[in-house]
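Heads up, the next two complexes both have chain A, just with different partners, chain B and then chain C.
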Partner chain A sequence: MDIAIIVGLDVVSGIASLVLISAGLAVIFGMMKIINLAHGEFLMLGAYATVLSVSAGVNIWFAMLVIAPVFVGLVGMIVERCLIQFLYGRLVDSMLATWGLSLVIVGGTTMIFGNTIVGVSSPLGGFQVGAYQSSLYTPFLALMALLLMTAVFGVMRFTRAGLIARAVMQNPDMAATLGVNPARVYMATFGLGAAMSGLAGGLLAPIAGVVPTMGAAFIAKAFITVVGGGTSILWGLISASGLFGFINQIAAFLTTPVFGEVILFIAAIILIRLLPTGISGRFFKGRL
Partner chain B sequence: MTLSRRKFIRNTAAGGATLAAPALIGSVARAQDGPIKLGSLHDLAGPLAATGEPMVYAIMLAVEEINAAGGLLGREVELINYDTQSNIQLYSQFAQQLAVRDRVDVIHGGITSASREAIRPIFSRFRTLYFYNTLYEGGVCDRNTFNTGTTPAQTVEKLVPHAMNLWGKKAYIIAADYNYGQITAKWMRKYVEDNGGEVASIDFFPLDVTNFGPSISRIQAAEPDLLLSAMVGGNHTAFYRQWAAAGLKDEIPIASTTFGLVNEPATLEDAESTGVLGSYGYFEELDTPASVAFVKAIKDRHGAQTPYVSELAAASYEGVHLWAEGVRQAGSVDRMEVIEALETGLSFEGPSGKVVVDPKTHHVTRNTFLAEVENRAWKVLETFEQQQPLDTAAVCDLEANPNDTTHYIIDI
Partner chain C sequence: MHLLNGMRGALIGAAIAAVAILTAPLYIDLFQIMQLTVFAAMAVLALSLGFIWGYGGILCFGQTSFFGLGAYAYAVAAINFGDSTPAIALAILVPVIFATLLGYFMIYGGISDVYLGVITLTVSLILFNLVNSTAGDFYKIGEARLGGFNGIPGVPTFNLPGDPSYILTPEQAWMVTGMALILVYLGLRVLIASSFGRIIVAIRENETRAALLGYDPRIYKLITFMIGGAIAGLAGALYVNWGAFVSPTIFALGLSAQIIIWVIIGGRGTLIGPVIGCLLLQWLVTEIGAQQAMDANFVLGAILIVFVLLVPKGIAPTLRDLAMSRLSRDTAPAPTADATAKVKT
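So, the complex of A and B:
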């Protein structure tokens, strides 16, 4: 019984971390059709912002939940103005440019902060489930993933800004004739996606090894989740994270981490073969 | 000027080659009575950069010391360092360049066992002397290669019984999923079983695993007395974080053959690392005069951001000095004469103490140390004087088979 609860918590944490690391990518890819290969580096910048703020004496919660997303959001807006705005509709070019950007960010971070592992320790303790122990940080991550999804849903569905954003993504020319400035909306959306990546990086900082190259470990999973989920930002992300997180954690528990990853990737390949447009392309078509 | 397509391609290719050209320290002059050339192949970019950096610093220091003392055979020693960028392909490429184009007299380098096995045959083929200065799984038997790092018989053999005496008989082994981790895990199991213990399970982790939740649950379910870890790299540091976050650090203690090789004690919080046991051929915290001077020389030069000065740096430094002893004794930089001089059992007093070349295996007899993390630094608990490379000696005898070049997977 206890072990079932513990494994259940692992699954929840697996799903929550997939939701968090993929959310920013889902917004940028799902809404703007930009393949952001620098997504992992946005996560890394969020983690660095958190670690550096904490070592400068800032409260860890404030660093994770405010400084990391705001900082990376600003970086995202600058990147959009200087690079991405020239690449809308040019899928391959955007991949090349963001790949270059990721190298620049990794190189720059290495130059400034060195290649050593930095980090902060987890701000919450552990708790006991029968004979087992788990980290309180796990339910906290799940809560944050839930809040983030709710916030995305709320903004997109019920606010004027969300409506405008969706309108611009659907038909920028029509939106422009109605008096919306698409360039500004693109910039804000890209910034928002980057901020979500920054938040994820901040939240991961206490449980990951923070190095300039850490993004590489997350980007493949984030892409699989987003592609598997399809174009619907919210439902695609949630369904794909749920499926892949569940498969990965259960497989890793029952076998070894190696097979956990292998089984996850096989599942992803089968899913894409059966549902080429992703889960949401089939089941949540046209939904948010 | 018209720019034909062909010309454009040629120019672009040349430009690309210039951009890709490696960091070259010093010039590439070639003359018989010019400087003696020491090649170095280490990762200064990519995931292994934090490991490679102090090794290069140590080699630079050794070369400076040799030159300050008047050079070797009246000639200056010139360091030619290529940054292999954590990329095995670049290892092969730069190894050929060092051997064929730069015609260096000796090469020090290689970090992972995978990189060593990529370049070792190249140096055999081009008859260029090679020093591998990293602790590894043991078993390289090659007359052209000298290995100055520790092997499991020198460290794991000390670590496992000590940890078992403290904590109990049932061990759970976790290791990185490539040849170093796989073979080290075998050694761990051997020493656990030799000491009357049992191994609950062995788990391997690819280097990009970041979420250890399910594995931590598995470990708890197995209820071991202690955890033996050979985890490698930045992502794996997260294991110790998640382990401590689950409150397990005080329940199931950890002994490791890799923890602290880069700078885990300094970057993890006190609560996450205190009590972890490790065993290496050198610790930055050693307080012998030679060690203190060595660490000070490196840190003075490279400042506060210098990564931890571990066994890798000490062995690289000692490796260069051992080679220099060989050259002095031989009175020549000729490859065979230097090898024969080193095979007389030359020794060097380095930061870790006395290091002696073992002629049969081309490994070294050296001091090893057992230490515990306390307040984000290592506290050396015990010193084991002059440990021989017994694991490799069991399979390798270069006096009897001078033409052997095998990397033996020691049967355990």
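So, the complex of A and C:
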């Protein structure tokens, strides 16, 4: 029974971390149809912002919930203005440019902070399940994932900004004829997606080794989740995270974490063969 | 025979290059020969992506997957057989099988370019993690221990086919690698000039139109992808032969990015471009490594961004276009020549 609870917790935390690490990528992909290959580096910048703020004496909650997303969000806006905006309509080139950006950020961070692991300690204690010990940080991550999804849903569904965003998502040309400037929407989207990645990076800082190359450890899962989910931001993300998080954690429990990732990938590629536009392209077409 | 007529320039160039490669050990010292050997092995890898991306229009971000699988297949087979000839065959065969499976799911799934790029990239990331985790005695294939993060040291290098006791000297290995590069280049030139080559270019230009003309784009793309996998696998074997060592870093993101950068700066839609891009960049990375003032990733990333924004076609096509416009200006009718003369005065 205890082991079932622990595995259940693992599944929940696996799903939650997939939602968190993929959310920023999903927002940018859903709106602009480009995959931001510097996504892993946005996570890394969020983690660094958190670690550096904490070591400068800032409260850890403030650092990871406010400083990390705001900082990375600003970076995202600057990137959009200086790089992405010249490449609209050239999907492949924009992916290549973000890949170049990813290398520049990794290289730059390595030059400034060196290739060593820094970190902060996990702020919450643990709790006991029978003979097993688990960290309170896991349910906290799940709660954050839930809050993030609720916030995305609320903004998209009930605000004017969300209405404009949904209109641009469905048909940018039509939205433009109605007086919306898609370029500005894209800039805001890119900033927002970056901020969400920064938040995820901040939240991961206490449980991951923070190094300039840490992004590479997360992007494989994030890419699979977003590609498997398709272009619908909310339902695609939730359904793909749910499916892949479940498969990944069960497979990791039965074998090793690395084989869990391999099995997750095989599941994803079979899914892509059956549903080339992702889960949301088939079941949640035209929804958020 | 008309096929060869169109390639006279390429054949002459290849002959000159072959003579240069065979005589190089006479006037270049051993250290530089070794350096050139790895450059040539990487140039073969550049050709594989230059072919499938530049001609087949397949946006593969994870060409290192096939390169690394070829390298590991060669290492494992060479250790087990003690003979490099079947190992080289396996280094080509294993990536081809993998490319067939992966390509089938992606190409027959009908996914878009963006998805294909992301999935191939993800494959290389996962292979990196997978091979990285194979430390310990449990993970061995026959005699060969995979060694996880530490890789496989002491891989037997190339020997004379049929005589495992005759190991090639570094100079001979250089000649083999250099000649392999030339043969792959010429082979691809012939392939591109053939009807298969024309069809894959037609598919790259307009998939629907090619399909309406009766060519199934999926099977042509799959075969292109498999050829790319085979060449990358061969490059992997050449690479392992150079260093007698293979480790999981061969699958790492940095190398995937470098291959893309070689092709981008060299130019898509040419074969010589990726080779030039590869040689330039390898030389540059070696220089940066020696200077230690800048991080190599930083410079590579900046180069990629600059080329995507400012020279999206790459060096070789841009130079060709410049030469073409110069040429056509020279042979232009008189009034135009007058007009340019007026502008000049």
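Just so it is clear, the second predicted complex is superposed on the first by the 282 of 288 C-alpha atoms of A that agree within 3 Å, B and C clash if a C-alpha of one lies under 4 Å from a C-alpha of the other, contacts with A are read in each partner's own complex, and residues count from 1 in each chain.
Methods note: a residue touches a chain if its C-beta (ideal position, glycine included) is under 8 Å from a C-beta of that chain, and two chains touch if they have at least 3 such contacts.
Bear in mind that the values here come from a model prediction, so they are computed numbers and not experimental data.
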item: Chain A as common anchor, with chain B and chain C clashing or fitting; value: clash
item: First, second, both or neither for A:13, with chain B first and chain C second; value: first
item: Partner chain(s) touched by A:253 [first = chain B, second = chain C, both, neither]; value: first
item: Partner chain(s) touched by A:110 [first = chain B, second = chain C, both, neither]; value: both
item: Which of chain B and chain C A:87 touches, first, second, both or neither; value: second
item: Which of chain B and chain C A:216 touches, first, second, both or neither; value: both
item: Chain B versus chain C as contact partner of A:261, first or second or both or neither; value: both
item: Touching partner for A:224 - first (chain B), second (chain C), both, neither; value: second
item: Segment of chain C that clashes with chain B, given the candidates 56-64, 74-82, 146-154 or 164-172; value: 146-154
item: Overlap of the chain B and chain C footprints on chain A, listed as residue numbers; value: 107, 110, 216, 220, 256, 258, 261
item: Chain A residues touching chain C - in the complex, by the definition given at the top; value: 33-35, 37, 83, 86-87, 90-93, 95-97, 99-108, 110-111, 216, 219-220, 223-224, 227, 256, 258-259, 261-262, 265, 269-270, 272-274, 276
item: Chain C residues touching chain A - in the complex, by the definition given at the top; value: 59, 61, 102, 105-106, 108-111, 113-115, 117-119, 121-123, 125-126, 129-130, 132-133, 252-254, 257, 260, 264, 294-305, 308-309, 312
item: Chain B partner contacts - residues on chain A that touch it in the complex; value: 3, 6-7, 9-10, 13-14, 17, 107, 110, 114-122, 124-127, 131-138, 204, 206-211, 213-214, 216-218, 220, 249-250, 252-253, 256-258, 260-261
item: Partner chain A, residues of chain B touching it in the complex; value: 45-47, 49-50, 53, 177, 203-206, 208-215, 217-218, 220-221, 233-238, 241-242, 244-248, 251, 262-264, 267-269, 271-272, 305, 307
